[in-house]
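Here it is: the structure, laid out below.
In order of appearance the chains are A, B, C, D, E, F and G, and numbering begins at 1 in each one.
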Amino acid sequence: MSALRRLVLDLLKPNEVETVQFARRLADIEGVDGANVSLLESDKDVQNLKITIEGESIDDEAVATEVEALGGTIHSVDEVVCGDRLVEESPTHQD
Amino acid sequence: MSALRRLVLDLLKPNEVETVQFARRLADIEGVDGANVSLLESDKDVQNLKITIEGESIDDEAVATEVEALGGTIHSVDEVVCGDRLVEESPTHQD
Amino acid sequence: MSALRRLVLDLLKPNEVETVQFARRLADIEGVDGANVSLLESDKDVQNLKITIEGESIDDEAVATEVEALGGTIHSVDEVVCGDRLVEESPTHQD
Amino acid sequence: MSALRRLVLDLLKPNEVETVQFARRLADIEGVDGANVSLLESDKDVQNLKITIEGESIDDEAVATEVEALGGTIHSVDEVVCGDRLVEESPTHQD
Amino acid sequence: MSALRRLVLDLLKPNEVETVQFARRLADIEGVDGANVSLLESDKDVQNLKITIEGESIDDEAVATEVEALGGTIHSVDEVVCGDRLVEESPTHQD
Amino acid sequence: MSALRRLVLDLLKPNEVETVQFARRLADIEGVDGANVSLLESDKDVQNLKITIEGESIDDEAVATEVEALGGTIHSVDEVVCGDRLVEESPTHQD
Amino acid sequence: MSALRRLVLDLLKPNEVETVQFARRLADIEGVDGANVSLLESDKDVQNLKITIEGESIDDEAVATEVEALGGTIHSVDEVVCGDRLVEESPTHQD
């Protein structure tokens, strides 16, 4: 079965969990090389974050479990790359 | 006969099939190096996805069969690259 | 006589010819390294495509013959590069 | 525990602390390779700055302490990267 | 005397001369490495083309003579680079 | 103490001091590798310039002294980079 | 004294002097590696040109003298780079 190499998520995080802690816990998951967490919008109680996770073989269920354990809610899966290498989206005239 | 190196599809996927599973199954096809799946739009029942598949020799019929088996519907073929190397589209003044 | 290295065409293709077959047949022509076929617009009967062909020595008449044999109609020749190496268009203030 | 590799902060700095001194003190923190300080907006008493800190292993609490010691106020944490390598945010159609 | 390395021309070409032939003849000139011909606008009788010629030592008078022999009319000289290496235009705030 | 590697200034320069002389004097300062001076706006008496200075270890007070000696007035410090390497500002969704 | 590495000028050139000759004469100056001449605007009698000159050690007075000898008038000095290496302008939020 081919490996999951990149996973981009749009999610909500409660404000009491710090962004650095959130990123660290995602990066700690086995098979993950690194996690990029970018702030999209800030609210009274929650923050809307965009997460880019890359690795040799990411366990997407472990990611979902960790997000939930941190009090987060996945809003959408915006990009997924599987296979032997990281294939980038090719820009087209239909974009 | 020259090899198919890149295939970009615009398609609909039922929500009950997860995006990671969808990408994995496409990346598992012989001759495919990797599959990039990007979310274009989300609906109540379906998601509109843009798929970029690259490989040394992609079997486009196997891709079509797999998309169908996953409940997907191909909307359009937006880019195709065949040959000994990956030729990129050249930007022109007519774009 | 200097070699033709890149040929960019804007053309119409009947819908019954598949895009992958179209790209493959162009990439099969002698002297062609690869063919990129990008969808510009889709109609009831035809598709408007942008074709980027690159190679060490492209036979432009063989390309024209193949396009015709596939039922296509060349609308315009948008870019041509000839010579010992691929010279890119230089952007200027008159663009 | 995975390392913090990049930290991007939006903050306010009192005008009496010079920007060069501010950047230097942040770059002096252990585990920091360098600090980029960019001016966003200037006011009568304070300046709104964007800080990009990179390093092999940044201590985010030491950064917070130093910002406070310099009279600064962190407004938001705009980007965090943790892990074995610097993963960049992947652009998507949802941006 | 320093060498002419790049010459960008805006010109008109009669429709009966094919673009590929036009590019080939320019690329055939001594001292020219390659010629890029891009379509700007198409008319009933003529085409407006942008020509980018690069080489170790381009003879601009030979280019002008060849353009004329092919029935072309030079409208403007949009960029010229002379010297030991290809210096690119530097973007400034006055552009 | 960590080194100052880049300093970007917005300043006013009297017209009687030539831009080349201004750049040369800044580049002559010890620890400076080079100085880029770009014209933002020209007035009857003064010019508004953007200065980018890079070096292994820039002495910002020597720069301020030299600007003053040349009759210039620093309007704002727009970017500062300190540390072991040149960290670039990371683009975010809050920009 | 640090060397002048890049000089960008906005100038007027009489139409009777050809652009290629203009570029060649600037590139011929000692210490100049190459000269890029780009057309900004064309008038009945004169052309507005943007000149980018690069070299190991450009003599700006020799450039000014040559421009004058060719009938040109310098309108503004838009960019100057001095020092041991070519420092590029750093983009900031104040641009």
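The rule is short, and it goes like this: a contact is a pair of C-beta atoms (placed from the backbone, for glycine too) under 8 Å apart; a residue touches a chain by one contact, two chains touch by 3 or more.
Because the structure is predicted, anything quoted here is derived from the model rather than measured.
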{"item": "For chain C and chain G, chains touching each", "value": "E"}
{"item": "D-G compared against F-G, more contacting pairs", "value": "F-G"}
{"item": "Pair in C-G, D-G or A-B that repeats C-E, with over half of contact pairs matching by residue number", "value": "A-B"}
{"item": "Where chain D and chain E are represented by their mean Cα positions, the distance between them in whole Å", "value": "49"}
{"item": "Length of the line joining the C-alpha centres of chain A and chain C, rounded to whole Å", "value": "39"}
{"item": "Distance between the centres, which are taken as Cα means, of chain C and chain B, whole angstrom", "value": "22"}
{"item": "Shared interface positions of chain C, touching two or more other chains", "value": "38-39, 50, 76, 78-79, 92-95"}
{"item": "Full enumeration of touching chain pairs", "value": "A-B, A-C, A-D, A-F, B-C, B-D, B-E, C-E, C-G, D-F, D-G, E-F, E-G, F-G"}
{"item": "Partner chain A, residues of chain C touching it in the complex", "value": "38-40, 50"}
{"item": "Footprint of chain G on chain F - complex, ascending", "value": "6, 8, 10, 18-20, 22-24, 26-28, 32-39, 42, 50, 52-54, 76, 78-79, 95"}
{"item": "Footprint of chain E on chain C - complex, ascending", "value": "1-2, 4-5, 7, 60, 76-90, 92-95"}
{"item": "Complex contact set, residues of chain E against chain F", "value": "92-94"}
